[in-house]
Structures are given as structure tokens and as C-alpha cells.
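What follows is a set of structures to go through.
What follows is chain A paired twice: with chain B in the first complex and chain C in the second.
Let's turn to the complex of A and B:
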């Protein structure tokens, strides 16, 4: 890797995202790496290394790496960091940048589509509400219109807005 | 005492044993859970792809809760964490609040700071209290041992979820188990993450994360593991057979919701607490509580 290939602006882009500002305070102690349950099982997944790559500005090796989708968001790293980097939040910032650069796994788009269709991750039909009624539970409804507005996604063809499938 | 219950996406569709037991326990302890049907997803699943949109969705729920004047009580730890973080962020950052309000205007909603978000287990501890719960125990679960699983979002990040317990040395769920007369197990992998957060990205990794804890508890021989989050339940109960097969391990750990064992101690029958829906049943416990 050559210094001219690095993008010193990457760290500022990460820091400009909500929760990303902590990255600039990292002094590389690796408390996060020691506490990480994913790193314990996947040697290539190393929070300190990901932070260094981001600080150096190796854009592709950070944003295009499948490793950034392995964080389980357990927040253990944030608890032990002496510099208040909050790596789990930095990771969300990195993932958001990666998504905007087109590197998001397909599941991300599927989630947004599902929320726009149902206002929930799991569809609620009469079948679910009948099962609920058998246990004496009140019915739940879908209110997808708000989700369509916020996400800027039109309802799927053949689906009336404001109604479940 | 009243609280607005936040069901989220998973509990009201896939975890009816959790919901039915939570409602029974709350009622028995004098907490009226109020429903607001239009509450939907908390926004958590969108965070990785678009955290600004996720924040607006959380703010939507907080604005709906503010209009009722009631505290917001999620059953799911991911919902509790997301909504608590959002409230903390928006209550302390007027600029972020203004940006979110501009989006909420389209929905005819107003964000009002000060909504108190607390996971049901935390709400029971802080608002009802251990003494009051103990006073209502009619069937002590003496002789049974439960392994608490705190999960990650019940107590972390402590910056916003703090004030209840120390996530590095947690006691709160153990206290809620002990109040039933049962024993709470302290074990080496107590604080381990269930792996649910990476299930979508790497099923094998998620299984190995959950498998460590399941292996330890199989060896320890507990009555059941007690969870407070539907995602942790997906890993430990829903994936248990698949994990045992893939890791070639002898694993068998009954998994129950904390509210199910509180419900038994408060005198409810297993059928009233949705135990029929538990896939790996704690047979001796259910036999004793018939």
C-alpha cells in the first residue's frame, strides 16, 4: 500500500456521521479487540485494525470489506475503551458510509422494503391475529404509511397503502 | 400504575409466550399495560444501512408515547436500547431534534423530550421493586436453578442504559430470579453475546457465539436459561438444534422468558404463560407447577 493511495479524508467522513466522531481519539490500545466476542472467533476481525485502516484512509479495505458486517453490536468495546471511541457506534457510521457507497449486503434493502410494506419486520395478517386471539392477546395492526413517508419508498404494486397484505 | 407497552416486530408474531406471560405478570404486579396499535418497528433493523432514518422511526414511537404521557416499556432489548438511545440523543441535542422534527411534521407528530423508556424487566425492578414482587410470590420455585442471560442491549451501552446495573458485573436479572425462590447461576459465559446480531451476515459465526454458552449450560445442568429478549431467544432456543448439529455438540438447554418463571412464582399455570410454545421445555419445572 502506498501513501498516495490513502484518503486522509475518510476519518473526517466517518467522524461527521452520528456516533462516528470518537474514531479520532483512538490511540490503539486494543482494549476493544480484547473484549470483542467476534474477534475471539474470527481472527481477521480486529476492531483496532479496522480503526487503523480507517485512520490511515484505506477506503476500499474498510468500506468494501465483508468484515465490517460481522460486528454483533454487543457494545462490549464501548464499555472498555479508555478513550471513549465507542467503536460499536463508529462501526454503525462506517456501515452507513459503506451502504451509501453501494457495499451494503442485500438484506439492508430487503429490510427497508419490508418496513415500507408493513411498518414491521414481520407481516401481521389475520392468521397471526387469530393465533393471538386464541391466547387472549389483543390484535396488532400495521401502519405502513408513516414508514413509506420516512423511507421515501412507495408501497409495493398491488398493495393498498395503510393496509396489511 | 400504567405503562405503554412496546411490542416491536418479533414478539407479537413469533414470541407469544413472552407476550402473554409479560402481560400476566405485569397485571398481577399492579402494572396496567396500555396498547397503542399504531406502534410499529423501533428502527433498529435500519440502523446499519441508514441510521438517520432509523432515528426518525424511533422518534416516531417516542412522539406517539409522549402524546399518552405514559412511560414506554418494550419487551425486546433491541427495541429498548434503540428507543432509549434515541431519546437520550434527541433530548440532549437540539439540532438533531430539529432535524427529526422536520421529518415528523410530515406525519403530524411532535417530539416532546422526557419520555421514559425502560425494558419491562427494568421497569418491574425499579417501579414495582423486589420487595413488592416477593410479597406476591405464592409458589416459590425452590430447588430450581436458572441461568440468566442478560444479552447486550439490556444494559449496554452504559452511557445511555446505565443507572440500573453494572454490565461488567450484572446482578439485576439474578435478583429477579432469586425473588422467585429459585437459584440464579453465576457462570463463566454469563456476559457472552448470543450472536443474534450477526445471524443475517454469518450464520455459522452466530451459531458458534451462541454455542459456547449452550455448551457450558448443558454441562452445568440448569433448569433453564432465562432470557429477556426475543433475538437472544431466536439464537438459544430457535437455533439450538441446528447449532448442536453443526458444532457436533451434545446440547440441550431449556430456554424460558424471565416473565414465564415470574409468572409461575406468582401462581399462574404453565398453560396461562404460553409454555406450550417453548420448544425445549423445562419438564420438571412444569410438572412441579401443574
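Let's turn to the complex of A and C:
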């Protein structure tokens, strides 16, 4: 790989994202790789390798990689990291950059649609609402305006606080 | 000859021993401490440090052997304990019966301290020594005392040079042409415009200025791309991203100062807009104070680190590119740098004055890597080497070194009464063996005879072990004294008798721990406590066997741990020679053995004593 074809600015972009601040502290000890439960199942998934590629600035190989969507956010890497890189959060920063560049996989787009429509990742059914009724709680409303406001999908927030707010 | 009495002070390890039976067996009188007149000579059953002052003052001026009897007896059958106690008391009584050996105390050591050198290391040393109240002569070859040496922070050099304390006398444009002596009595020949003069000093601190030595860039790289790291290189100009390769020890490991210099250069480069620094190294040397922080700062600033294998950085693209295998990505990376900064390291060589083959024959062995030679210490007591020559890379390390050297020099020259090794000039043949073997440089040939330096002796006794004429020994550790004790002790020891010559730094504390825990030593074990295993010597080992010991075990410190640098190695060597001699005589060579030991390894001592004694007992049957 030719280093001169890479973009040294990528690491600064990641570091500027919320959660990505720690990426440059990495000194490549591979404690995260050893700890990662995803890496144990998917041999190609190696946190240290992803950080190295991101530091060198191979934009295409980082942002277009299907591997960056595999992190299960267990934060095991953050527990063992001697340099406080907080890789799970760096991963979120990288995913944000990838999404903005249009690399999000279809499943992520579907999840985003679900979130925008219902304010949560799982559909709320009668099962949950019946349980809430037994406990004397009001039913969950399907399309509260405040979620859409937070997500920038509604022009302004509702005056009444929604449930759960 | 005074007749020694036994003064029995109860203590740990002596439970159940009948003092009267011990005294009778050892053929000494029992005396009650503090009652009546003090005996002519005495054996006290406790170490001196644990004996009450009243007993000590009662025995003032008498020949006394402080016998740590509890440590030598151990547990087991009453008859065996009695035999071991009697042999130990007899050994001590034999020595006490020789009378008082008046210690010879050193004359007042010279108090002035010479600091010779240039740069922050020399200035720190002058500050540290003067701060402890010694008059200091700071001499150097240049003009300005504040001129920094390579690797120094110029501001710190200026500050230290401007704020020199009142006790520091300055001697610019001075050469140190000759140096000899040891702690308390150095003579330095100094030469400046006024001429040559010899001056006396108590201690000498040498801080030869360091220089940068450049690392050769990989062969074939275009010369116009390359600059030296230590020569304040200009960042490359241009539009877009510019890339700088910084080499910090790719041919061999860099020094810590060289690695820090590379990181500082990387930080300076990263401060430029659209500049990417790549730092190449074989080892990230971050062990210096502040090193790890600097390494992290450079990474946070965006510098990229690449660890390469030896010879792993290749030149490509007709001298314009660098390629290496990235161990993380498992692929070859190639960089076309706009600038390559070749690494550098701090180096200083042994001062010229120490290369005199007659006065300083040790050469590099004057300051070998040794656990006891930190803080600039050398194998010559009172002589310190500071700065890069002693491995200090950077001001933080130099400050620690200067403080440690100043503290030790102050301790040596502080006027505490130091017993000197006694030289019997009518026996001395001036063969200079003691001058060669002393690990502290104490005996010197001065005024046509051997004269110990006032503050260098620690009483290890290596001179006494090696002197072919028994002409020199620390007070109490001469051959006669040890032999006289062994003679009486061995006469009482059960057969087969095993004499354990135990280094006071390692083997004796280990034996004490076992004894007080009730370990049963073989009946015939007789301890001979020594200040250092190096005191054993070939003659003492062979004469011990001639006196009736069936075997000798010399137990000293592990290699590299000896307080007297190589007393343990010397002991091992002499044991080997004794074994060879026994073999030549047709006797069993395995009756003598050397055991390397630490004070926290009592079980190793137990096993070695048991094994050797078992071997001797099996042979006797």
C-alpha cells in the first residue's frame, strides 16, 4: 500500500467526532484484539487493524469495510485498553463518518427508518402495552413528536412532554 | 594471652541450651555480665547490635567476639545443639584469645570535591555536591560554564551556570592531565594558562560532555532527501500533504535521548499545517523520565509510529521511497517522503585521563554494568562518572545521577571513623596484589609503601584473602585470627565437620532465618561468618581442611549482586582452585563447593549444606 495515496486527515476527522477522540492514542498493543468477542468469531475483525488503517488514512478500506458494522459495543476493549482509546466509541465515530459517506449497509438504513418512524428499534405490540396496563402505566404511543424532533424529522418539539421524557 | 570468658545473654535460638555445659565443653569460664571486674576477653552470645549498652560499656576496651549464637546453633537433638554451640563458642573464644587488635582509623579525608566536565550533568553535580557543604572546584576545558553539551536544554544550562552556589570555585580553560587515588585522597593534575598544578580532592566527579552521533540512513536514499535530526532541520515546503520520515534507531536500538529527540522533531513537524511525520524505530525507548508521556504526545499530535524489524526499512523508487512490512496489517507499506531525518543518539566516551594504562588499567571495567554501580559509581570508591558516559540520557536522569553521586561522596567524606585495613609493612613485598584486587580501590602505593585511602575501605577482606604474604587485612579479618578460631572450633565439632564460610550479606542471614525456625543442621556444621565470600580465599579453604574439616562450603551472593562487585566470583574461582588442588593430591575434589545464594533463599542453603554433609558422612563410613 502506498502511504502517499492515503489521507492523513482521516484520523483528525474521526477524532473530531463525538467518541472518536481516543483514536490517536493507540500504540498497537492488541489488547483489544485479544479481548474482542467478535474477533473470536470473525477472524477478519481485528480492532487494532482497523485503527491502524484509520491512522494511516486509507479512507476507502476503513469506511467501506463491512467489518466496521460488526462491533457489538460490549466495551470489553475499553476495559483492557492501556491507553484509554475507547474503541467501541471510536467505532461509532467511524460508522457515523461511513454513514455520511453513504456506506451504511441496507440493514442499518432499515433500522434508521424504524427509529424515525417509531422512536425505537423494536416494534411495540399489545404484549408490551398489556404489561404496562397491568402495572398502571399508560400505553406507549407509536409516533411521539419529540423523537422526531430530536432526529430532526419534525419542525418543532411538542409542548407536552411525551411519555418517557 | 587473655583468657576469654563466656557471657551468656539469652536470646532467640538459645532456648533449652545449658550455658554451663556449653562453657565447659568449649573450655571457657562463664561470667555474669556487670558483676565484678570485666574478664580479660569475652565471647558474647549476641550480635553487637543486639547487645545492651550496659554490657558493652562493661566490656569496654577488652577483646570481645560478638557471636550470633542463635543463628549458628539451630534446632534438633539436644546433644547436637550442644555440640554446635560449643564449637561456635570455641571458635569465637579462639579469636578473642588473641587479644585486642587496635583499629587504625583513617586520617581526615580531603573535603574538596573536583567536578570536571561541561554541560548540564557537570553543573548539576557541582550544585548537588556544594549543596551538601563540600567546597567544589568546577573545572572544564571551555570558556563559559553555562555552555550546554549535546542533548542539554540550553535554558537549564544557563540557569544552573548563573546560579552556582558560593562554595563552587571555577576553573575555566583547564585540562585534567592526570588523576590517581581513591575516596578521601585523590590527586588531580590540572593544567591551565597559569601552569600545571597537583591538587588534593576527597572525591572526583567526571562528566565528559556528550556528543550526538548520527545514525546512517538506509543505503541508496537520495542524499538531498536526508538531514540530520540533531541539526534543527527545516520542515519541507509545498502544497498539499507533506511527509517526513524520522528514523529513530532503525539500524540498531536508539538511545533514549535519541528517541526523545526524534519525538520532539515529530511534534515540531506535526505543528506545521498539512504535515505528516512518520517515526520509524526498532524499539520505542520510553523508559526515561517523561519518555512515555512524550511518546503519547507525539501520537496525539498525529505522528504515525512504525516499528520495523532489523534491516526492515528498504529503499525503493530509485532512492526516493521507503518500504517496510507493517506487522499489524501484514502487508508492505511504501512511503515517498519529502524529507528523511536520520536519527541520532547521545554518546560520551571514557575521559582521556582514565585511559592511562598504568594508573587506570581497568579500562571499561572501571564502570561495568553492575547492580551496585548505579548513580555514576565506579569500581574506584569516590570516583563518579556522570552523564551520557554513565548511560544518563537527558537532564532528568542526570539529575538523579548527580544527586546519588553527591550523596555517596558526602557519606564517604563525612568524617565517620572508618577503620582502615591494617598493613604489616615488614611482611609487605609491595607486590601490588591488594592494589589490583581491591574492588573499591582502597590500597594505593604511596610513599614507597601500601597506604589505604582514607574513605574507600568497606572491610570486605578480599585483600586479606588474596595477599600472598598476609600483610594486609581489615581489622579482625586477618588469616591468623580466622585460623585461630577455626582451630578451636574444629577441635570440638562433631565429625565429619563441614565448615560453611558464609557471606554476611546473603548466606548468614539465610542461615539465621533457618536456625531461628528450629532447623536442625547436621551435627558437624561449623559456621564461619565472613564479611564477603571473597574473604574466603584459597589458603583459608585449604588450611581449614588441613585443620581437620572434612569439607568447606563457601556461600556467597549471586553473580552480579556482590557489594564488592566480584567477591562472589573470586570465591567461586578460589573454590575451583582448591578442588583442583585436592584432585592433584588424590583427595576428593568435591569436598569443597561454592553456593551462590540470596539472603531470601534459606532453603537452597539448607539443601546445599545437607547434600554436602551427607556426601562427607557417606564417605567417612
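Note that the second predicted complex is superposed on the first by the 135 of 165 C-alpha atoms of A that agree within 3 Å, B and C clash if a C-alpha of one lies under 4 Å from a C-alpha of the other, contacts with A are read in each partner's own complex, and residues count from 1 in each chain.
The rule is simple: contacts are C-beta pairs under 8 Å (C-beta built on N, C-alpha and C of every residue); 3 or more make two chains touch, one makes a residue touch a chain.
Since the model is a prediction, treat every value here as computed from it, not as a measurement.
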{"item": "Chain A as common anchor, with chain B and chain C clashing or fitting", "value": "fit"}
{"item": "Chain B versus chain C as contact partner of A:26, first or second or both or neither", "value": "second"}
{"item": "Chain touching more of chain A, residue-wise (chain B, chain C)", "value": "B"}
{"item": "First (chain B), second (chain C), both or neither touched by A:146", "value": "first"}
{"item": "Touched partner set for A:119, first chain B, second chain C, both or neither", "value": "first"}
{"item": "First, second, both or neither for A:1, with chain B first and chain C second", "value": "second"}
{"item": "Distance in angstrom between the closest Cα atoms of chain C and chain B, superposition on A", "value": "21"}
{"item": "Touching both chain C and chain B, counted on chain A across the two superposed complexes", "value": "none"}
{"item": "Partner chain C, residues of chain A touching it in the complex", "value": "1-4, 7-9, 11-12, 24-28, 30, 48-49, 52-53, 55-56, 83"}
{"item": "Parts of chain B lying in touch with chain A, wherever the complex brings them together", "value": "7, 9-10, 12-14, 16, 19-20, 23, 35, 37-38, 40-41, 45-53, 55-57, 60, 89, 96, 103, 106-107, 152-153, 156-159, 167-168, 191-193, 195-198, 200-202, 205-206, 208-209, 274"}
{"item": "Touch list for chain A against partner chain B, complex", "value": "17-19, 37-38, 41-42, 66, 69-76, 78-79, 86, 88-89, 92-93, 95-96, 99, 104-105, 107-109, 111-112, 115, 118-124, 128, 131-132, 135-144, 146-147, 149-151"}
{"item": "In the complex with chain A, residue positions of chain C that touch it", "value": "241, 243, 274, 276, 278, 284, 295-296, 299-302, 304-305, 307, 326, 328-329, 331-336"}
